[in-house]
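Look at the two complexes coming up: subunit A is in both, with subunit B in one and subunit C in the other.
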Partner chain A sequence: MRLNSIGKKIIRVDGLSKVKGKALYPQDIYMEGMLYGKTLRSSRPHAYINIDTSRAEKIDGVVKVFTYKDVPGKNCHGVLFKDHEVFCSERVRRVGDPIAFVVATNKKAVEEAIEVIDVNYEDIEAVFDPLEAMKEESVKIHGNSNIIYHYKLRKGDVEEAFKRCHVIVESEYKTPMVEHAFLQPEAGIAYTEDDGTIVVCASTQYPHFDQIEVAEALEVNKDKVKIINPAVGGAFGGREDITLQIHLAIAAKVTGRPVKAVYSREESFLAHSKRHSMIMRYKTGCNKDGKLLAMEAEIIGDTGAYASWAINVLRKAGVHATGPYEIPNVKVDSYAVYTNNPFAGAMRGFGATQVPIAHEQQMDMLSEKLNMDPVTFRLKNIFKKGSKTATGQVLEESVPIDRCIKEVADRIGITPLSERGGVV
Partner chain B sequence: MKKRGIGIGSIFYGTGYGNGFPDVSKAVAQLKSDGKIAIYVGATEVGQGAKTALSQIAAEVLGLSVDDIVFINEDTSITPDSGTAAASRQTYNTGNAIKLACEKLKRDILEVAKDYLGLNSIVGLTLKNGYVYPKTLPEKRVSLGEISESLESSLKEEAVFTAQTTEMDEETGQGAPYWPYTFSACGVEVEVDTETGRVEIIRAVLAQDVGRAINPELIEGQIDGGFAMGAGYALYEDLKIEKGKIKNNSFTNYLIPTSLDMPDIEKVIIEDPESTAPYGAKGIGEPVMIPVAPAILNAIYDAVGVRMTEIPVTPEKLLKAIKEKEMTYNEGKN
Partner chain C sequence: MKKIKLTVNKKEYMLEIKEDTRLIDLLRDVLGFTGVKEGCGEGECGACTVIMDGDIVNSCLVLAFQADGKEIITIEGVESEEEIHPIQQAFLDVGAVQCGFCTPGMILSAKALLDKNPSPTREEIRAAISGNLCRCTGYNKIVDAIERAALYLKRGK
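Coming up: the complex of A and B.
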């Protein structure tokens, strides 16, 4: 196939405006008569709350302090479960939960008002360790169980297969929650058009989904909501869940004026999701020729106070738990668990980023025990065209993992372990 | 003492929503009055290069340059839903929708050109550089601008692409949850300072399966960014969450790699076109980062002989592990 455009190193079409500083981010937008908004967030991980905004509303310049009482429609949102409240009504479940949104004519008034909103916290026992949270007697974050998902993968007979293994390695791995650290902290501006359409201009990954969630909170038809998505300074999954979009939309609708909010870096850390921390217990075995025979894994993912994409993330972790290797006997159990930690959601790799921390070290440990170099060992076991994954899916084309590994090994210069007389 | 080691990591990654969830992208292609083509999609440009790569797909179908594509993706009131800019799905999903819409639009254009030029058939008509002509008689031609002007309403086509994904069995997890899968491998050489526990990345190679490269430079950019994110994950990034509170909540103490921490990365693009993908191109936004951290961990082991099962491998943690290993070794000697 002769191609003219595909395969060409064409300069990014949005590149020039970005390098010249001309690209318009929501931070850069100013409108006549606009108000400034700021969110009051929970300082406690788990507590019942009572809010008194009367002192804040008396501050000169404050137009309104919004709380759960001011949400016209559904006071909830969420990509899968609607378990986030737009503003917490009775209870906070994590440090950083939004409680109120102050809107004022100037930034100084906003800051002053935030300080004098009285929140009376009545602390509830909190749980931060997902293993504790899984126990029957643990305090519950939502509903009757903190375990919100259990993915089971079963292929062959691992118990029988481990008996046939020449070498078995077992280990537990831990990965932490981490931050997307995109360059542009959350920012947005909302306003009303002449026909009553609410416009929310904010950096997001999925404008059409935000449109639905904003419409539900406003209790309007989604055609009366428009999301404008100007330049976005990185996302990596951290802009999948709603942050300020609904707050701005409600404020603009009620005040009839444009309302703008810009998060500081510190607030950005608090406002959006994190990567799921995981505890991964792995047992992997192979025969004396280095052919993988069995793998068993238990994966526990901490989704913190809200579900976000936890189900999909732990499912993806489970599906990818083997790594790119054909293993005839596989048993995987992955769990998503609520705690009072920051909430976790989508982040680059979506559950498939954590499991290689485990499976790739397992591969090296097995190859070392066999006194085989890690490249030879991998090439013996990797997926090929026609291979079946642990879920039984046939990889019937475009499976060039052998070429990827060979290119890397050749260029980085992996010396077979045997030639080095083993490792230090 | 400074000790060096080499490690590799290899991974696979299923792109798209997965598990039977409808993975749908819509795209609209329209011939504008000036002869340029407008593409309307709800696919966000988050910095990954969607505007450019997806414009290249439209340009390829219509025989145009990217400069002739007007790419509109910022406003829900005028764009169709193309799903989220996540799951490494936009190039594959929305790329397919754009390709289908442009193919339909191309056919419409050829039909109009046939009448305009007084021809009997669209067979053998070429659309290239903004002109339509019979391939055997290039002088007999009409421009896209002329075609557009000759029409009362503009030519416009919409297309929908829905990826194939099946729901897995609840008890056994069996099924075909994702498609396509993308593969990659990473190799690194590290230098560990056994007195400070600091790990420096000396060299790195990353080979990424892309199906077919739409824009090699954008892929290389993704590899650089993905490597940095993977290195941060393995070595630096620690929120220090205590009783649910994030202690490291700014870049003063939440450390991410700077350009000084980054080696030159040797980037290898592996092509093996996927037949269901637009020109064979698969999503790569996520997989570029995934093999990096495990490669670093394996390299640390190769350098100093300790298995770091908990990340990030901060100097404190690594130093402690090295000391413990030395103690065990010395006890063994005595």
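Coming up: the complex of A and C.
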């Protein structure tokens, strides 16, 4: 077989424009007669709101202040559930929720107008702890339960298997939310073409889906919306949800002029998702020889005020909960839970990144209790070609984890525990 | 308003500016050098790096009037008419470019270093780009590229 690319050194197609500083990110696009837009965001985590834009509208240079009343079509969006509002209508559910979008002829007017929009907040009890949020009596963020997903994995009989274990370790692990901090803050520009097509130019990971969401909010046919994705300055999952696309599209449609918005770093932090923080309770047991027999895990992912990809993320956390180890008896329950925290969504690894904090610590503690060195312990239990995962998948292709572990152990100079007199 | 005179990429400009205009806004919005990037606006990320009289500065922290009488180089002024600069070539060859948003700043920091120190150690390279954040590459390839650029530059002479 002749391969054209594999094994060859290829220079990326957009490399040259990037080293020359010629690659266009949305903030680099300037159009004749363009207006500037800026979002007013909630300063409260959970409140009923009342908005008065009249003072802002009177400021010299302000063309319009958009709120939920100005959304022509559906005032909602979301990759799995339509639980985000384009602009909050009655209630804000997190700090950073979009309330209004000011459009003006110059940046100064935009800033001034944002300051004088009156938002009357009537605070509601908020919940920030996902364990509290799971309780029946907790205040609800959307609908009548904060638990939006429960993934169950059952293999064998863990209860019976734990009885046969020589060593069992039990522990709870917590990982925090994480910000993607891609280097290019969100920016975009939208305009109308002669035939009425709305064009939104924004760095996104999901242009074909943005097109649907913009069309639904504008109440136009999909073919009347064009999404242009120019250079993207990093994303890492943080550009999978809508941020400014719909705001810009509505503003361009209503004003008939190009509208541009560029987020500051601070607004970028507020606008997009985070990595799910997780609480992971693990119980893992093995026999005298160090063979894993059973594992039980409960994983609770805090998805904040919106679901975004929570279901896929918590499913993946559950599927990967055993780590790369063969365990005959497994019980996993993972949950995605709404709170009033910043919303969580996609971030590199998509739920598979948090669980190693737990399963690897469990491996270390088990090997310590057994007085076995942690490398040997892992090598006894890892997936090999032909292994069956907890979800029943048979790994038929190459599974070279043994080589990886040996190589790592070698390079960091791990001496087997037995040779160090059993002390870690 | 204030009158200033400055050189950007070998071209002289006489401009009238507001006192509170930042250098980055002058370069991007007025002069069109959009290779100057804004990642934070507060001196943390280095995406807005330009060379001013031979030294790198964060153009988001410099007011435009402070550039009066100075000579500025942005990424657009690094290449010659015939070819891209050896540092740019090295970034391409090594694969030190991913999303590219840090790249202009990185290349300018590298240039300021190599103009003064043609044979830097890896440590010196790391120190020279310590004000430039990259969220994509993990930095190693960027350090490799700058090492490679030092070789290209020597060979070229």
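Note that the second predicted complex is superposed on the first by the 418 of 424 C-alpha atoms of A that agree within 3 Å, B and C clash if a C-alpha of one lies under 4 Å from a C-alpha of the other, contacts with A are read in each partner's own complex, and residues count from 1 in each chain.
What we mean here is this: contacts are C-beta pairs under 8 Å (C-beta built on N, C-alpha and C of every residue); 3 or more make two chains touch, one makes a residue touch a chain.
This one's a predicted model, so the numbers in the text were calculated from it and none came from an experiment.
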item: Partner chain in contact with A:R12 - subunit B first, subunit C second, else both or neither; value: both
item: Partner chain(s) touched by A:A181 [first = subunit B, second = subunit C, both, neither]; value: both
item: Which of subunit B and subunit C A:P400 touches, first, second, both or neither; value: first
item: Partner chain(s) touched by A:G233 [first = subunit B, second = subunit C, both, neither]; value: both
item: Subunit B versus subunit C as contact partner of A:G318, first or second or both or neither; value: first
item: Touching partner for A:Y25 - first (subunit B), second (subunit C), both, neither; value: second
item: Touched partner set for A:R265, first subunit B, second subunit C, both or neither; value: both
item: Touching partner for A:R154 - first (subunit B), second (subunit C), both, neither; value: first
item: When both partners are placed on the shared chain, which of subunit B and subunit C touches more of subunit A; value: B
item: Subunit B/subunit C common contact set on subunit A; value: 11-12, 14, 181, 231-236, 265
item: Parts of subunit C lying in touch with subunit A, wherever the complex brings them together; value: 28-29, 33-42, 45, 47, 74-76, 79, 84, 88, 91-93, 95, 97-104, 107, 133-136
item: In the complex with subunit C, residue positions of subunit A that touch it; value: 11-12, 14-25, 27-28, 30, 180-185, 231-236, 262, 264-265
item: Footprint of subunit A on subunit B - complex, ascending; value: 3, 6-14, 17-19, 42, 44-47, 49, 51-52, 55-57, 59-60, 63-66, 71, 73-77, 79, 81-87, 168, 170-181, 183-189, 203-209, 211-218, 226, 229, 232-233, 237-239, 241, 243-246, 249-251, 254, 256, 266, 268, 270, 272-275, 279-282, 285-287, 289-291, 293-295, 297-298, 301-305, 307, 309-312
item: Touching residues (chain side subunit A, partner subunit B) in the complex; value: 1, 3-14, 45-46, 94-96, 126, 128, 151-155, 171-179, 181, 197, 204-209, 211, 225-237, 239-240, 265-266, 269-270, 274, 312, 315-316, 318-320, 323-324, 332, 339-342, 346, 348-350, 352-353, 356-357, 359-361, 364-365, 374-375, 378, 382-383, 390-395, 397-401, 403-405, 407-409, 411-415, 423-424
